[in-house]
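Just below sit the structures, each encoded as structure tokens.
Shared between the two complexes below is chain A, which pairs with chain B and chain C, respectively.
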Partner chain A sequence: MAMQRSQIELEHELRDDWHVIADIESFAGSDRCRTRLFGVDLIATKTEEAMYEVTRQDTGKAIEWAARYGFLWASLGTPARDIVDIPEARESDRYLVTGGSIAVNVSGLRLVENFLDMGHFPFIHTDYLGVEPHTEVPPYKVEISADDEIWATDCSFFQPVASPTAKGGFMVDYIYRVIRAYTVSLYKSNPTQQDRMDSIYLFVQPVDEENCVAHPFLCYLKDGMDEATVRWFMQLIFAQDKPILENQFPKRLPLDPRAETPIRADASSVLYRRWLRSHKISYGAIAAAD
Partner chain B sequence: MIKLYDYELSGNCYKLRLFMNILDVEYEPVAIDFYPGKEHKSEWFLKINPLGQLPVLNDDGFVLRDAQAILVYLASKFDRSGKWYPTDQPELLGAINQWMAFSDGITSTSSAARLHDGLFYDFDIEACRAGAHRLFRILDEHLWFEEKQGNSWLCSADHPTIADIACFPYVILSEEGGISRQDYPAIRRWTDRVKRIPGFMVMSGVFPAGPAFKQQNQEMSA
Partner chain C sequence: METLQRNWYPIASSSDLPFRHTFHGQLLGREFAVWRADDGYVNVWENRCLHRGVRLSIGINDGAELKCQYHGWRYANRTAGCTYIPAHPADAPARTICNRTYPAVEQYGLIWSGESPDGEPPQIAEFDSGVPFALRPIPVNAPADLVASKLGEYTFQPSARIDGDGATVQSEIGPAGCISLMSAEDDVASRVLFFVQPVDSNRSVIRGVLCECPEPPDEHAVLMHHNQRVSALRDLIEAEAVKLPTPEPMQPVIHRVSEELASMPQQTLSGRTAPLRVQVSRKWDAADGIAGIELTAVNGQLPTFQPGAHIDVHMPNGLVRQYSLTNGPGETQSYTIGVKLEPDSRGGSQCMHEDVRQGDVLAISEPRNNFPLRRDAIETLFVAGGIGITPLLSMARALGHSNLPHELHYFAQSGQHMAFPDVLASLDEALVPHLGLDPQATGKQLDKLLGGYEPAMHLYVCGPGPMLEATRRIAAEHGWPDESVHFEYFKNTNEIDDSSSFEIDLARSVMTLQVPAGKTILEVLRDSGVDVPSSCEQGACGTCMTTVLEGEPDHQDVYLNESEKSSGDCIMTCVSRAKSDRLVLDI
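And now, the complex of A and B:
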């Protein structure tokens, strides 16, 4: 069972921040949506065009909301910073699409970690993002940036079908970025314009400590692509991860360095766990022993 | 060429992709934005299927909806072995249709539970799961008795039929709706056999049978 903690204990960094609670498209044909954030039941109501009201079910109080990038966002506290900025969203030659929000029965931190991992590509995304015997993850750099994000650079991996428009396999360059505890993005070579990159942002909604919703946001170059295909590919890939994620044990992410044994390819995950420890984030985690 | 109006994560679309792969029938998938776009409820799609459901098949202008009906059509038109839907065997044909109707029950319970858990459909989740367990118990007992008589498949024949294809997807995806198959050993053995049918293919959430075991089996039967 998911352990529920009182909101008093919820880290300020998480409480006073924005979190996606719904894809706005899910309001089509209905003006109400029920969801949960950090264990608090929420009701989102569309009051008029592009206007919403989000209320907590426990107290009946309205909370702050915002609509951006096709998502409805909310905060349980007072947002101390703005929603993550996406520079690619200002480039007119890209599709900007929500990928389809999918609920996953595991801690959202596990989802972020899985998103950073290249080692599973040949085994879980067989014939798409990887294929045997190309199983080795070449060494990459990972560091904390000046504005306290995690950047993994110089990543590359052989992918048979790297993207919906890929014709044949190639070595795909990747950059990974952990922007906030529950927000991660990647940039990967576009198969037709290999000097430019497609990007995927994953906004993870912490439903409770052992349940989350993945809200992907896709910024793909339009060249040779259509919108439906972008969604099709994202869901195909994500649904391959889902059963693996739901069978991870424990469901919360252990932050103790001795809890799980990493290999060199896990360098970004090692740094992510250390970063969570230094930010004192424990929602969705199993804290390290002092 | 055959067009399949398709959604990647739909088990009912998957059964047609799977069966066409087994029969080696070429087709062109048309990706429908089922989620979150609800394109299957759009005006243009309702003209193709007024029920607003996937899958739909268009074979050179002949339009057919309903996954089970499409399995019948594909088997009757493309299966040269005549085994997948043997129209000259009344008892077998009756049993196939009985289990194909049963597969609709699996859809309305196990698939509904999966839509609830993963894609936020507003269903009575406990009723969905209880309904699926009731059907799985019946299926497991049936398969166990068939095994005792030396049969490996849903219908009493020495080969699979479209009934196996119809029932397989939402059995194998049940855990995504919180329905464990731990208590159904005969079902688990049967899903492993389905995974070894020549031409078997997976969808997201379905894992292939181990290749080493397959090789070993072929060596043993050689």
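And now, the complex of A and C:
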């Protein structure tokens, strides 16, 4: 039961921020694209090369837009900060891969939490990101940084096929980062250039409280890879997550610490829920009873 | 609303629960995961994993447990208690994660349940005379009371006149509020009872049961007949329901987990560690009541073991138990242990027997050997009682491999109780079974066996306490010195007296600590940040043995022999204490 809320109630932190509303490739066959953000129906129109117009269907008013990283972004309010900066996207020896956007019938906050979770790799991404019996999630560190992001470091997990060039499984190191409520990223060591990392950003479009679109953005070193394989891999992984996420109940993320049962492997999601509470973000969440 | 919660309703047909299937049910807005275990028990559970809320109806029914798809958490048949969390195979949470269960009764071809129903599900006298036959359930988008009122208008043909059209139908309110309809034509009649399952405020399921199962050739035709008629009635009901205002969906209360479960358990940093991860690569019946379990490394190579070594197994239920390795020399690709199901199990052997499965990952300690085997004996005698065979099996195989003289005397109830028969067969003449002897006959036999002591002979005994005591006594009577008699108890059955209080000086750490009554030396050491190895923590295994430099120990263990005890130069810190006011330990 999607609970719709008026924009007045929408937290400023979410309203006055940028959100991905479409992959630019969506305009390849047509000049128009219908989408929805925080329950508000939007029409995005390509007016000329690299120029767009985004209007609200309810009021007919135009809203702010931007095109970056291959995505069309919009804001329902007045953006109080810029789109997340991605330094790796300026490095010429990386593929910048889009094309994996996928709609999921669950709160975007649940999707973020799934992105932070390693424990499901052997069960949901069997033979790709994990495989039984290598199910243990070793202890890792998680903390809030000086600029109020969540960083989970020293994460590692046994991966049977860490990359197309890897032979056999090994422990892969990860860093996870929650940048904003609906924006999260991960960094994992590149198998050929050990001192550099491949990165995956996930921009989650809150369609409404119980629906979202996951827009992954991959910055992968070209060395030993081809772009089509990276895109195929991204699409496969997100398609594997979709049916599980759509079977989570309730669909919104419960912020009450006693709604679900965390284990040590969930340290980052425990902090994420606490962080959402302290930011008073409740869109897509079930608020904790005070 | 309150009264609806206290009713019994059919929520599924028996045929909805075929072998290893999980059925998604719903009642009064609440979803259920319904599944039948291989023992026939029907489980009706809240349809969400307590971890992240994923529906358990998409989980895997393995016949004994339901496994969540998301993170592989497993919940046990009947209790719905979580038995395994793959992300932390070494975790020993002393807490019970238990899913919410609802009552389940299977009768009349239906599964009955309820939110918190009173008493027993309705007993329907109409079904007593024949074999009730459940019709195909028909879902309807309408409130249950509307559906029930319309069912009174249902018409059908008696099963024996299914092709006719002249039946007269009489309806009445039947037992437990069901709608009872009797159809008659000529001299034949059939009765059907309809139960309405309120799925949600605006959704229902019509569950009909014929009082008499039709004869096999007609079964299909009768099912078709009712299916068509009930479907037609459904269309009428739904057409009426759309004209009415749609009621608000029901909001079942999702119960919160306990405060204890909501806080994240911290990893214990001291105490018994379990650095190795092994997978149960094989589990089989090694004898009557004894499970053979083969453990293979998850990563890399298992550490070297010696004959007589044991490992600590950290079980999914949080208990830690010691098991001897039975491996022969060179068998380094896996560890094999034998676990006897103890009738008075405190959860250890029961967990290993019932919960641990092939494919599971377990956390174990490195092998420790506190029961070492000498290989310089002119002859070695092994005396095994029951499951005490396990360390001696490893020892006998080692000596056999080197052609060193030895005999393995295996006292067991019967041939069926002798563990690892394939390995025993490989021991050839070294194996001497003694089957079905009572304590007296066992004593006589031991008396015969231990008669010919000569210097440089060694005796190794492992078995139940009374038999071990008897063997040690008889050996002493025959002149066996303490240093030639090696033994390992399963457990320390002595009552531990921890009432004394005293001081310990740690010579190397330069610390003085107080051991109060009710606390062990080991606990005091750990509280002060001194990490000491330990295993069984009941004075049986010998792992925590510490050298005593000064003072008089109060031995309460079963590991040390009498001469070791009287020498006073070592102590088991997990149970033993001090007779003097002060002990100086070499720590």
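Please note the rule applied: the second predicted complex is superposed on the first by the 287 of 290 C-alpha atoms of A that agree within 3 Å, B and C clash if a C-alpha of one lies under 4 Å from a C-alpha of the other, contacts with A are read in each partner's own complex, and residues count from 1 in each chain.
The working rule: contacts are C-beta pairs under 8 Å (C-beta built on N, C-alpha and C of every residue); 3 or more make two chains touch, one makes a residue touch a chain.
The model shown is predicted, which means the values in this text are computed figures rather than measured ones.
J.: Quick check on the superposition: with chain A as the shared anchor, is it clash or fit for chain B versus chain C?
T.: Fit.
J.: As a test of reading the superposition: which chain, chain B or chain C, is in touch with more residues of chain A?
T.: Per-residue touch count on chain A favours C.
J.: If you stack the two complexes on chain A, which partner ends up touching A:G77: first (chain B), second (chain C), both, or neither?
T.: neither
J.: Considering only the touch criterion stated at the top, classify A:R264 as touching first (chain B), second (chain C), both, or neither.
T.: The second partner, chain C, only.
J.: Rounded to the nearest 10 degrees, how wide is the angle at the Cα centre of chain A between the Cα centres of chain B and chain C?
T.: So the angle at the centre of chain A is 70 degrees.
J.: Quick one: classify A:F123 as touching chain B (first), chain C (second), both or neither.
T.: The answer is second: A:F123 touches chain C but not chain B.
J.: Once the shared chain is lined up, is A:G224 touching chain B (first), chain C (second), both, or neither of them?
T.: Neither partner.
J.: Is A:W232 touching anything from chain B or chain C once the two structures are fitted on A? First, second, both or neither.
T.: first
J.: Just chain B (first), just chain C (second), both, or neither: which does A:H134 touch?
T.: second
J.: To be precise, I mean the smallest distance between any C-alpha of chain B and any C-alpha of chain C in the superposed model; what is it in Å?
T.: When the complexes share the chain A frame, the smallest chain B-chain C C-alpha distance is 6 Å.
J.: Starting from the residues of chain A touching chain B, keep only those that also touch chain C in the other complex, and list them.
T.: On chain A, the residues that contact chain B in one structure and chain C in the other are 243.
J.: Touching residues of chain A toward chain C in the complex: what are they?
T.: Checking each residue of chain A against chain C gives 1, 113, 119-120, 122-124, 132-137, 139, 158, 243-244, 247-250, 254, 256-267, 270.
J.: Would you pull the chain C residues touching chain A in the complex into a rising list?
T.: 31, 47-48, 50-55, 58, 69-72, 85-91, 97, 249, 254, 256-259, 261-267, 277, 279, 298-299, 359-361
J.: Can you name the residues of chain B that touch chain A in the complex?
T.: Touching chain A from chain B are residues 8-9, 31-33, 35-39, 41, 117-120, 175-176, 178, 203-205, 207.
J.: Spell out the residues on chain A that touch chain B in their complex, using ranges where they run on.
T.: Counting only chain A, the residues touching chain B are 23, 25-26, 28-29, 98, 100-105, 227-229, 231-232, 235-240, 242-243, 246.
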